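Questions regarding the structure given below will be posed in turn.
As written, the chain order gives the labels A, B, C and D, with residue 1 at the start of each chain.
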Amino acid sequence: MNLEGKQQIWNDYQKEIADDHYFYARSCIRQTFFPGSEWAYLDIMKNKLGKDVVDDPRHTTCTGIGYHSDIVPAETIMTVVARHFALMTEAGYENMTPSCITSFGIYTEILETWEHHPEIEEKIREYLWKATKREFNKPKNLAHTSDIIYKFRNEIATQSKYKLVNVHTGRPLRGVDHIGCHYSKMFPTKGIGGAEFPAVLSGLIYAWGGDVIDYPERRHCCGFGFRQYLVMANRGYSVANSKKKFESMQPYQPDFIVANCPGCAMFMDKWQYTISEMEGTTYGQDGYGIPVLTYEELSALVLGYDPWEIGLQMHQVSVEPLLDKMGIPYDPEAKYKNVRGENIGAPKCPTYLRVANL
Amino acid sequence: MAKVIIIGGGPAGCEAAHQLANQGIEVELVEKSNETGGNLNNWYQLFPDRKYAKDLNAILKGHLEHPNIRLHLGMEPKKIEKSKTGKFNVPLTDGSLLEGDSLLVATGFKIFDARRKEEYGYGIYENVITSVELENMFYNHAITTAGGNTPKRVGIIHCVGSRDEKVCNYHCSKLCCITGVKQAIEIRELLPEAEIFCFYMDMRMFGPGYEEMYREAQEKYNIKFIRGRLSEAAENMQKQLQIKVEDTLVGKPLRMTLDMMILLVGMESSEGTRQTAGELGLNLAPNGFIQPQDPHYRNNFTNVEGVFVAGCGSAPMNLTDTLADARSAASCITAYVKNHKI
Amino acid sequence: MINFWGYSISETRSINYDKNDKAMTEYIAATVPSSKLCIGCGGCTAGCTAGNLTDFNIRKVQMLMKRGETKDAKEQLQKCMLCGKCMLVCPRGVETRKMILEMLNFIKTNQKLED
Amino acid sequence: MYYDHFVLPFTIGLITLLIYLCFKYYKWIKSFPREERKKIRKGLFSLQTIRSGWEIFRESLLHHKIFKTNPMLGYMHMTFAFGWFLLIVVGKIESMVYHTSAFNPPYFAIFFRYFHPANETFPYSETFAFLMDLILLFLLIGITLAITKRFYSRLFGMKKTTKQRAYDLLILTVLWLIFPVRFLAESFTSGLNGGGSFLTYNAGNFFGSFLPLEHLSYPAWWVYSSLLGLFFLLLPFSRYMHIPTEMVYIFLKNWGVKQGREYNGYSEIQVNACSRCGICINTCQLNSSCDINDIQPVYFLRRIRNHEPLSKQAENCLMCGRCEASCPVGINLNAIRQSQRPDTIRVVKDTYAYVPEPEVKRAKVAYFAGCMSHLTPGIIKSMQQIFEKAKVDYSFIDERAGICCGRPLALSGNWQAAQIVMDKNQEMIEASNADILVTSCPICYKTFKEDYTLKAQIMHHTEYIEMLIREGQLKVNNMDVKTVFHNPCELGRGSQIVHAPENVLKQVSYKITTVYDGKKSLCCGGSLANTAIDSGQKTKISGDTVKAYTAYHPDVIVTACPLCKKTLSKTSTEIPVKDIAELVAEA
């Protein structure tokens, strides 16, 4: 693949990202499945990059999952989102940074809708007022938190303790960048690098010494969908999509997958177990599967955070092979212990998928 | 003696110059590049008779050796003005000033920039080339992948940059279909063993002999035509293209690996056309080409008196039509300068 | 494999041209060259007796065959009565009737080989 | 005792041949289906046997049919067959008269001139000698013609003569040599000992003037006997097998034995009865229009005989029946070819189960247009008008959910599948409870008549229209148009319907008489039976056929088949092509 050609395209898809003072919007899926991930992000922002980020406990779900599965009407989700904007406005912030790709997509879509249909915006302001007596300003800048990390990738690189390089061979680690569909497929201009060759995650990998794999099904959806996954009868279709991606990336021998959408990360991590149980197939090396990380986790690893502190033991696919390659020390004994040193219990060993130290 | 300025030395400009000169009219032919022929210079063989483009070019060029024609090669108009007396003043980049009684816009078309169809990966995947680059391969009688191998499976993608709302080109470039057929046959001649596919939305075989050529491509040359638009292409480890289309005639998505993918790039109005139109205040059609006064009877007339248009400046045309259009424009101009001769 | 999931991994609907076996495709292209002339107009199918009474679609069957999708061809072709109306309507002169006979021939020969 | 060792080759050859033939014919006849064998027993002592004898005389000896098609060729075959026959018969009589006994060994008559002392006379010996010389001359002329034909076939009005294999050429040479050698042997003997008549006597004197006859005469008889013996030994494996087999076939045919769908011993007999005269090559339009000349019956039957691969040749035939109609031996060429087409459709219990239960209106007359007629609505509309004009109570039974008649399946060899379609169709036809079934399609017509067991009377619409006119139910006017009639293959040659359409046509138009009338009609080229040729070749045949009719300058080319109409219309751009029904509806 011709990198110059790609860079040419990237030049067309650059977006403005605020420098500081962010209002943080958490993600339902991320905080459930990767709780250490959001903590790591906030810690990096505040303590490593010295940025001002507000994490308001009154902030709720954006109801995107309900919206995309036809349960929550458009007016409702708009009003919920309007409330988030109100919280941001009340806190005195203008830069909205959602952690979830679904939320990011929803926010973008709502702002675009209001842009073209001011009457709808008016109506929503009315609804919000009636319901909560709140008012809001629209965010001046909307960026996904992966955009923020992308913006500061070089700062992170300068502070990094570990590189995305195999310490044993010196070879750059091969990473798969998986972009959430709602990040740029709906509005290509709102994503760094556009929809065809997004740069937001590959930018991180390159900045931190790794190499990016361009496999044929790179653009393909992880299969999460909403209706697909939520309805059990459709779930086979959901897994089939992940499988298609794994089969396509496998020949390139990826060392890890990084995703900016919490749903994708969760799916690509958990489905590897499902596929192994259903078909006896495992991907990656030696039957361990391909480790799947969120970009926050990847940043935290690069910056030298303790793997168990950022919650990597919550992953289905063992991250230890990746940690070994990067040369990150870890205490195998501490994997299934909480901060107080109490045992949190180890998962049952899968039939086919290998789990480190189990 | 009446004098006409022709902007653009492609086939339309050359042919019009020749016709006008034969009518005893003085012609100033301005061409920005160092040789005449325009886009014809990039073509190897023409459809449907597979004549060599250079042969036709030679004929057109030969006609320019006429005492009434003055060639201004490698020059562009600095500006184009119409005076109050109805004369046209065109200062050129070398400082000279042309003056004419009438002006013919023969500024032609430009090839669609395939990079705008990002999902096809032109400029990114090394084995994606345009139909223009393919012509160059025909010149050298060798078709190889970027890695120097003989392709075993070649795909030709129709309508790249044409009939596509996503690049704001609603118009049909008209020639790509038959170009695809011609090029597929030429590929077959160079690669007898390869599998060759054309992915099309419609096959628009509008000219004489075109449909017959299409038939021949299918039956004799074993070119396979699949009705379906390429949605996306990806590159695999062997630098092949993995493509996804729908085989619309069977209603199923289709995936296939190609060693080489050729984009049949469409036609857009050239910068020269837009610039000239801007300076003279010519009306442009929604597709960006110059809008003639009337599509049937006054197709060489523009909204500015004395300014005429010929060739692909007004719409995508094949060479037959371009040359006919040029002759038609020449006859309109002849009548015009005779009527306005004081 | 125990299916305690309540679902299984869906098979793809898409035609995988790279993997499909194209022995029949090549056989038909060689024995019925006119079959390559099809432009998918559907005239053959519109007048087809079997096609009007069943889901038999000769246009589709042969197009799928050309992509190496021959799984359903055998069952589908059994519905044809070989009346030849399709051939009379074809604007491209495809020897549809012969094509069907040759497809049946191919299936029969290969069946024998398998048995 | 008249004997010399040289008679051995002849005698051994003859006896071997007779034994072989008896064995072969027994084997073939044994393989007939039981009902066909019964016909032999029944026919053996019937008038048919005498009739067969007469036919053998006419066809096997005089070659009357070949004469009719091509006098020059007929003459050639006649000199050979009849000449040799006479030589044997007259020779035998001569020997009997001389020997005054019927029981002399067979070789005695053949080599009479050697054994008979020339100075010894017997009643009519001069006459016999003259006759024998005359017959020999007759034969020698025949041979000269045959040799000429081989090298200059055009002289015989034949574009192509049958191409032969090396083996065939060997036996041909042997055959050609037999009579000249006999001539030499008799002449040499006559030159030495006297005897003979105008031919051999004079020739003997002539040869004796410069040849040492005493050394040549005896070897010549050896050569003659050897040639005869060799010919008999080679005969069963050559095309001359047709000589005895054709006679057997004529008997069987006249006793009513029929060629069924399967290839059996009767087919073998027919295959062996082919004399390879090559008439079929010239009547075949694939030859004249498409220059295809390896599929005609003469070659096809030879392939069967020689067990050569023939699937391609089996498919490449329009089944127009022109060869069959002109075959002097009357071989069932179409049926034999059809028997060589493979049954490809695997029939299971739900084959064609999708065909719906018949729902047809009951009426006196059932009208079955046929699938193809639905592509020529003009024919259907005209038939409806005719029915209405004649106030017929009719039911259009395949107006909506009609299915194929099954013949196309049968033509492709798929008899099993065809049978299912036929059964379903039969059910539908019977549901109409009609007395008369009228169809517009000769393909349907033929199969309705031959393969269905219908209670109703089956009529092609031309027959039906003729009946309506004859019975006064339909009044027609004679229009001022010149017409030529293209009798569809399946109607005229296929189903013997010749007069009805011509009568009708004569009543509504001025019908130009052409050489293609009746069973000599051409094929339109659109036949479903041929799957080997492409549409371009079909168009070529159609074009040539139209050209042939156009030569008569008709206003309209009239046919009586939707497929013919469509096929001829493809190339007849100047002259309209109409179905008889359409013309009648206009009249």
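The working rule: contacts are C-beta pairs under 8 Å (C-beta built on N, C-alpha and C of every residue); 3 or more make two chains touch, one makes a residue touch a chain.
Being a predicted model, the structure only gives us computed values, none of them experimental.
When every chain is represented by the mean of its C-alpha atoms, the one lying closest to the mean of all protein C-alpha atoms is C.
Distance from the centre of chain D peaks at A, each centre being the average of the chain's Cα atoms. By number of C-beta pairs in contact, C-D leads when A-C and C-D are compared. Between chain A and chain C, the centres computed from C-alpha atoms are 46 Å apart.
As a whole-number value, the distance joining the C-alpha centres of chain A and chain D reads 85 Å. Between the Cα centres of chain C and chain D there is a gap of 39 Å. One finds 65 Å separating the Cα centroids of chain B and chain D.
Chain B has no residue in contact with two or more other chains. Of all residues in chain C, those that touch two or more other chains are 33-34.
Under the contact rule defined at the top, the touching pairs of chains are A-B, A-C, B-C, C-D.
Every residue of chain C that touches chain B in the complex is listed here, in rising order: 13-18, 29, 33-34, 36-37, 39-40, 59-60, 63-64, 66-67, 69, 92. By the touch criterion stated above, chain C contacts chain A in their complex at residues 1, 3, 5-12. Within the complex formed with chain D, the chain C residues making contact are 33-34, 47, 49-50, 53-54, 78-79, 81-85, 87-90, 93-95, 97-98, 101, 104-105, 108, 111. Listing the residues of chain A that touch chain B in their complex gives 1-2, 4-6, 8-9, 194-197, 214-219, 251-252.
By the touch criterion stated above, chain A contacts chain C in their complex at residues 232-237, 239-240, 243-244, 274-275, 277-280.
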